[in-house]
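Next up is a structure, given as structure tokens.
Should a chain be cited, it is by its letter among A, B, C and D, assigned in written order, with residues numbered from 1 in that chain.
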Amino acid sequence: MWKYLHRLSSLKYCYEWSGKWVPWLLGVTAVLMLVGLYWGLLVAPTDYQQGESYRIMYIHVPSAWMSMFVYAVMAGAGFVALVWKTKLSEIIVSECAVIGAMFTALALITGMLWGKPTWGTYWLWDARLTSELILLFLYFGIIAIHSVIEEPRTAGRVASILAIIGIINIPIIHYSVTWWSSLHQPNMQLVSKTPSVHPSMLYPLLVMAVAFQMYFVSLLFIRMRNEILYRERLTKWVKKALAGH
Amino acid sequence: MLSVVLTVIQRDLLLAFRRRADLMNPVLFYVIVATLFPLGVSPDVEFLGRLAPGLVWVTTLLAALISMESIFRQDFDDGSIEQLFLSPHPFSMLVFGKVAAHWLITGVPMLVIVPLMALLLHLPVQAIPVLWATILLGTPILSLVGAIGAALTSGFRGGGILLGLLVLPLYVPVLIFASSAVSAAVDGLAVSGHLAMLGAGLILALVLAPFAIGASLKISMS
Amino acid sequence: MQELLILDGKGFYVWSAYAITMISLVVALVSASMRKKKIIKEIDESLEQ
Amino acid sequence: MPIQEPRVLKAQDLKCSRGGTELFSDLGFSVVSGESLVVKGGNGSGKTSLLRILCGFNHPAEGKVTWCSQSIYGHDEYRQQVSYVGHQSGVKPDLTVLENLDFMQRLAGASSQESEIKEAVRFVGLFRQRNMMTGKLSAGQKRRLALAKLQLQQRIVWVLDEPLTALDKEFIGEFEQVLKNHLDNHGILVVTTHRELKIPEYRVKRVNLSPSC
């Protein structure tokens, strides 16, 4: 195990290792995405309650899951960055922040587009959407760090601390926002967004969820390799690697 | 150990009183914002009374945020952070002293001004004691948590708005429990649950924040 | 094909949601690969000096 | 200064980079009690960064620094033995000279005797300004105040960044005497300076960061 971890700390090895995987990941993502979209949009039956608008669930729910999952990955990388001070984990933290913010924004937009036909308004201060909005601020905070602090190593460690503080704060926010929304809109429960999911509707959702995971890993690898190239641009191995291109 | 924390508090209070003008900043800010609400919202007694708990606490949050900038900015500029780092005492204890001093300078005046401004906003009188309790429990959390953001941004230029962005998500739970405690008091409902949550938040902040602040300062110092 | 677009009146929301999502996912990938080209060009230029 | 077995401050293949550009690399040296390390190098060659690494403020990109063969990071005992005088004075402009020194003594845990502080202030020639606000002192006087702090703290490792700047001629002579006393008391000195320090050659080790200067 340690030998493996140690090898990952050398950016050169990591650059080459991830490079081999990117084409495969992109292929799997494309296939899964197409299957999921076709299945969710065309094959899955209409929901008796919401009619067709529930189909937005197939991108809203995976985005929301990914916004939380990416934050967890970022906090994990942040912990590694602070404890073992590896450059790779700092790069992962800053890349995850951007990807996570994208997923959170998508979850919010699709949530609003789903809310309009279902509730009649684009935005409703319900627990899930509000927590998602605050999560977006957490992401923006970490992204903004890199614009304020020029020195990449310091910025990486500050971002790692923020990611860890955030992961402690997310359950607190979720609990307090849920409690708060039940206080002010007691009748929120009957407007639950995910309808009682019949298996025929559930499978496309799972396919889309895996598609989003594959997308995340491939985008992370691509962006990570860019950042490795940029940060190691003065080293010999980068020049040698690029000579081949 | 405790004596050194008191030493840091005493020095910071002395520093603050040397610049007496700055002491008034949070209070002045509070009065200004609190007078804007009736002009902007509506002077109607009943309507404003219902909004008062939220307005009072949002303003307290903003006042705390504005004053957060000053905790470490001066120490970074004159290099005394490094001297604190090189002292035999644990860094997070010294930092705790600085945050405690900052709370005494900015939080305690809130205990005086906030009930007064609440009356201006037609907050029903029976809610004033509970409001006072939420300020007593809430503002230390704001100082402790805000100091983490300040520790991360004061060392760098352009950290201003970034501090707000970092600290806002951390302030949300405090705002929720504090303002709902006051509005529960307005309706005569039980407030012990809300205050218990604030108390728990305070203890969590007291235990975790100093270490987070110490670690953050060490990073932004490098 | 027609009713597919309308999706009993809710088509606008469903299709715009899917469009926004798919476009931003693709744009993220494209901008990442464009950045790679820019970095490689930058490194090649620095090699020439 | 308690005299124990010789203390060693050792650095091994240090590498430091700022903003992606490398300042210095494969830097190694060791300084024993009673020796001083003079760091030479042009502007921006990383002198200050090296000093800050030795104080434990910064982490080097590579390599490690040890104090009595223990890494200095998280080494509480080492932290208490370092006095750092950087470009900034490290004192509060709104406090008077005496208040600053008094706070510093109480911070270090030593019970601050009034007499000791007055003696240190008199030595650096700031006795007349002792009740003045530090902010109103001139650059040279602020530098003297920082050096008074060194006298008071009596720590083993002195890390001084351009200590002689803004000091006038005759005070430099006195100050060099203080440095010699410090080395005689088995102290360690790490210093960057453009002007040659009159310290006996056998006690001096040199590090040159950028040969181009």
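The rule is short, and it goes like this: contacts are C-beta pairs under 8 Å (C-beta built on N, C-alpha and C of every residue); 3 or more make two chains touch, one makes a residue touch a chain.
What you are looking at is a predicted structure, and each value in this text was computed from that prediction instead of being measured.
Across the two interfaces under comparison, A-C and A-D, the one joined by more C-beta contacts turns out to be A-C. The chain occupying the central position, as judged from C-alpha centroids, is B.
Averaged C-alpha coordinates put the centre of chain C at 55 Å from the centre of chain D.
Separation between the centroids of chain A and chain C, computed from CA atoms only, is 16 Å. Computed centre separation for the pair chain A/chain D is 48 angstrom, with centres defined by C-alpha atoms. For the pair chain A and chain B, the distance between mean C-alpha positions equals 32 Å. Contacts with at least two other chains are made by residues 222 of chain B. The set of chain D residues touching two or more other chains comprises 59.
None of the residues of chain C touches two or more other chains.
Which chains touch which is summed up as A-B, A-C, A-D, B-D. Put simply, chain B touches chain A in their complex at residues 148, 152-153, 156-159, 162, 165-166, 168-170, 172-173, 176-177, 180, 197, 201, 208, 212, 215-216, 219-220, 222. Chain A contributes residues 82, 134-135, 137-138, 140-141, 144-145, 148-149, 154, 157-158, 161-162, 165-166, 168-169, 172-173, 175-177, 179-180, 183 to its touches with chain B in the complex.
The part of chain C that touches chain A in the complex is made up of residues 4, 7-11, 13-14, 16-18, 20-21, 24-25, 28-29, 32-33, 35-36, 39-40, 42-44, 46-47.
Those residues of chain A whose C-beta lies close enough to touch chain C in the complex are 26, 37, 41-42, 51-53, 55-56, 59-60, 63, 99, 102, 105-106, 109-110, 113-114, 116-117, 215, 218-219, 222-223, 225-226, 229-230, 233, 238-239, 242, 245. Interface residues of chain A, counted against chain D in their complex, comprise 85, 150-153, 231, 234.
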